[in-house]
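Two complexes follow with chain A in common, the first pairing it with chain B and the second with chain C.
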Partner chain A sequence: MLNCLSRQIRALPFTFTASCRLSTLPTLENIESTEIEEPPLIYGGYTNVRQAWVSNLDTTKDNSSAIIDLHPQVFGSRPRIDIIHENVVWQRKYRYVSYANTKVTAEVCMSGKKPWPQKGQGRARHGTRRSPLFKGGSVIHGPRSHKTHFYMLPFYKRVYGLTSTLSVKLIQDDLHIVKNLDLPSDDPEYIKNLVDSRLWGPSVLFIDDTDTMPRNISLALNEIKHMNLMPVYGLNVYSMLKYETLVLTVAAVKKIQERLLYQLHRPDCNYANRKFQLNQQN
Partner chain B sequence: MTSFTNKNILNLLRNLPRISISNLKNNDGAVKKNQRGRAQHGGDKHGHGNKGSKARQNFMRPGYETGNNPFYMRFPREQYYKDHHTKRQYPPLSLNSLQKMIDLNRIDITKPIDLSVLCNTGLYSIKPEDKHFGVNLIDEGADMFKAKINIEVQWASESTIAAIERNGGVITTSFFDVNSLYILINPKKFFQRGEAIPRRMIPPEDAILYYSSAANRGYLADPEKISWERFVLSQKYGYKLPKIEDDPDYEMLISRKDQRQIFYGLEPGWVINLKDKVILKPIDPQLKEFYKS
Partner chain C sequence: MALRLLIKNAIITSGVSLRINNSICKRDSSYRSSPIAQDPSHYTKYEVSSSPEEWKFVERLLPLTIIPPPPDGKNFPSGWQPQTAKFGQYPYFVHRTRNHMLPVYLKVSMRGTRRITQINNVDGDIWKLEEALKKYLQKVYGDKRIIATKVHEVCGHLCIHGDHVSRVNEWLLKKGL
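Up next is the complex of A and B:
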């Protein structure tokens, strides 16, 4: 994916290449060694590069020692609240199936007998008690079961939903970046204290680039209902908003930027944004 | 959205409550109710007030003369657009856009350019189902056109041909039938089907003249006549015709498709196996005879 992106960026003319250079994040090893001497990262023509502290999880106290540059198209994009809203509504609806059901006249379980004679009673004529006019009878225009609410949001609304939400989270100080998810112990109290002391949360979502998470944090968060772990491929608007604080690892940031920048600049964007079909491949 | 987000917008958000699922809202008017309400859902007067002639009036359609033969139908007329839906369409591509695609490296000019390359840029597309039969290269931006290319189009005007040949390029107009067009605009989809590449059909009766004319650089024209027409055009437009023979890209510039060929370098009858990355060629003499040009 990175190769593909860099090939495409290389194919762009010089001026444009300079303006959308990929973030070259410092690797974990050289964060300590070059934290002072390292020159600031240059993001071509962008003047509004976002920045964040890279903190740690191995001590309760925050020992932020490095600053990470974040791509403005991903972490500083225009916060489109309406697109975030559309994403949330879509995420709720596409998996929702309404099982509400009412019976039509033929399905009502009741005697088929004529309730009273046609004439001579001084009462209205009726042929069956199953009619919607009767209590316990059928329902007119009622819900019928298995109604799916599935639809697909246009592709770029989904992409912009992610960039908008990440930008909103960053500007509202609800997005924090850590070196990795290594904890010194698997005690749930440790991570609770850490979150409390840094004024995170209370609900926190930790995101890493792999889906095999470190042992300690997995065991600790297993006990805590309002904190969760998620791989980058599970990143979605609904979860980011559901949890008050979002904690990304440096590797996750790198992967998110890489994936989203690819989608924002891919040449076959018309193909990606085509109308969704049920038998659609990829 | 853009990278040039106004910082004030972001700074405003800093001082606002946390955005969460509970306080999201769509833009006003974003969800449009496009149904007329019935019964208790607004089914009342529908904008026509209360009773009377205005609530009940029904205007006649314009031109209706209460049963007389209307004026607009009384006289015979020339049907300007008669049969327009059956005619071949050639969606335009300007030389300006072509130059832009080349400058942005969407097109590699060290190789011959055909419809397949143009469609793969993602900036130009044709729909054979809408009677599109290929690209019409128009002369907009002819003065600014600077690339030396070998291009195959389906329709080109004289000034377009002049603009390309002035820069030492080569242009050919060639016809593709509908089946070949579908294959050409999305080769990957065709190769995945695992079928043999078919032969390209010859043009229909009303297109034969265009594609066999040397002045149009038709692919069925005599090459000798084409080189004469190249000279004639250079005299007419007043430029010095660059010598293709002395060009370092001579091989690329003279490469042309056979009149039965759809892809450069791939002959009819071959099967492209994308999975194993092999090309299967027919060996049966009967098949070879069938696919022969």
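Up next is the complex of A and C:
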């Protein structure tokens, strides 16, 4: 165990560490405090740097020999469950178009003839059968045309949605990190057995930093409907919650951290958070 | 418009000064009314340099990609104070925002009748912070005033009923947070 720990990789040179408030990391020399208040409490692990084992997909058995450090602002943030929910609602709505529609009186396909004479029948007066009073007639205040429900969530709600979901996944032990996605064979049974033996959720989402995935895993996952592959740029809250287990490669972790930390510490955040325009480039 | 175009064409062909054109096209100027760019010899002279000494000054002008760490020092003209407390000094900790400011906000709602002081980015034991702040505010306002608080432990938010932003800021700065 100690040997493993000693070989832990510091593979992630956090380019942003200098300025990313590393006050989150407790320093040993400050433990002895002159205050009367009680000694520090590493509360629920949130304040500590998060760590995870780096496992492999070459063998069914898990031989993880390295530990990766995860940035607390990305993988150990305080989860905003309300923001996660807002993200899910947004992702369902922005692509939803309601096609419900009804006809007004003029559009109903029916004869325009007066149904019966105005007087003498003892019946109510009517000028057309298309009217909403008749069966098969028009609809009053019904839905018209197609309605899009597109809207954009504020930029930083999307960023915090990602950090919150990643943190929740990690703390629930639903986030695993692998060296790469290389499999020895393209047999779907192999990856099914691997997932079963490691007690990963039935549905698994594999995320790599590129969108050209290795051949074997692509062919194997093509046969399995509840496992999927995704590049880092496709990472989103809805999919992370849809699949029970999230498997990231080390390169993907590095890229996610870099991108999210940049967004969390960029000086022109007002520009990022401006009103969304349809022809927006970035 | 026709007159302007005529004059512009005349100017371009003859190469006379553009002063007349500019004096005419002011209010409703468009891309058609602006003069066509000419080769660089007509404009300010420049020379291309590849000296790294001079590049430093260009770099100084480029926008930052990340908010830099706060400057060292104590007394700044703006009154801003750096965070001196280290994590672990107190059972709780309040992280500064990305701009190194205190994360204390006043939330006004109910048409300005409800004022709530909210402290974000609370790390560690938020209940200890609540206790300490409550004690301080009680001392400031006297025992008669009720300091109602709300603790959101998962998100690390602490809300205090009433507008106590400057008091809370003072207290946090005194603690070095």
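Everything below uses one rule, namely that the second predicted complex is superposed on the first by the 236 of 282 C-alpha atoms of A that agree within 3 Å, B and C clash if a C-alpha of one lies under 4 Å from a C-alpha of the other, contacts with A are read in each partner's own complex, and residues count from 1 in each chain.
Keep in mind that, in the parts below, a contact is a pair of C-beta atoms (placed from the backbone, for glycine too) under 8 Å apart; a residue touches a chain by one contact, two chains touch by 3 or more.
Just so you know, these numbers come straight off a predicted model, no measurement behind them.
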### Task
With the two complexes superposed on chain A, say which partner A:271 touches: chain B (first), chain C (second), both, or neither.
first
### Message
Going by the contact rule set out at the top, does A:262 touch chain B (first), chain C (second), both, or neither?
### Response
second
### Task
Answer with first, second, both or neither: which of chain B and chain C does A:132 touch in the superposed model?
neither
### Message
Quick one: is A:154 in contact with chain B, with chain C, with both, or with neither? Answer first, second, both or neither.
### Response
neither
### Query
Regarding the shared-chain residue A:79, is it in contact with chain B (first), chain C (second), both, or neither?
both
### Task
Look at A:172 in the shared chain and tell me whether it touches chain B only, chain C only, both, or neither; answer first, second, both or neither.
first
### Query
Is A:231 contacted by the first partner chain B, the second partner chain C, both or neither?
neither
### Summary
After superposition on chain A, the chain A residues reached by both chain B and chain C are 19, 46, 78-81, 267-269
### Message
Touching residues of chain C toward chain A in the complex: what are they?
### Response
63-69, 83, 86-91, 93, 95-96, 98, 123-125, 128, 132, 154-156
### Task
Over in the complex, which chain A residues touch chain B? Could you list them?
11-13, 19, 46, 48, 72-73, 76-82, 84-86, 88-89, 160, 163-164, 167-168, 171-174, 238, 241-242, 244, 267-271
### Query
Along chain B, where are the residues that touch chain A in the complex?
1-7, 9-11, 13-14, 16, 18-21, 24-27, 30, 103-106, 121-122, 125
### Task
Can you check the complex and tell me which residues of chain A touch chain C?
16, 18-19, 21, 23-27, 30-31, 33, 35, 37-41, 43, 46-47, 78-81, 262, 264-269
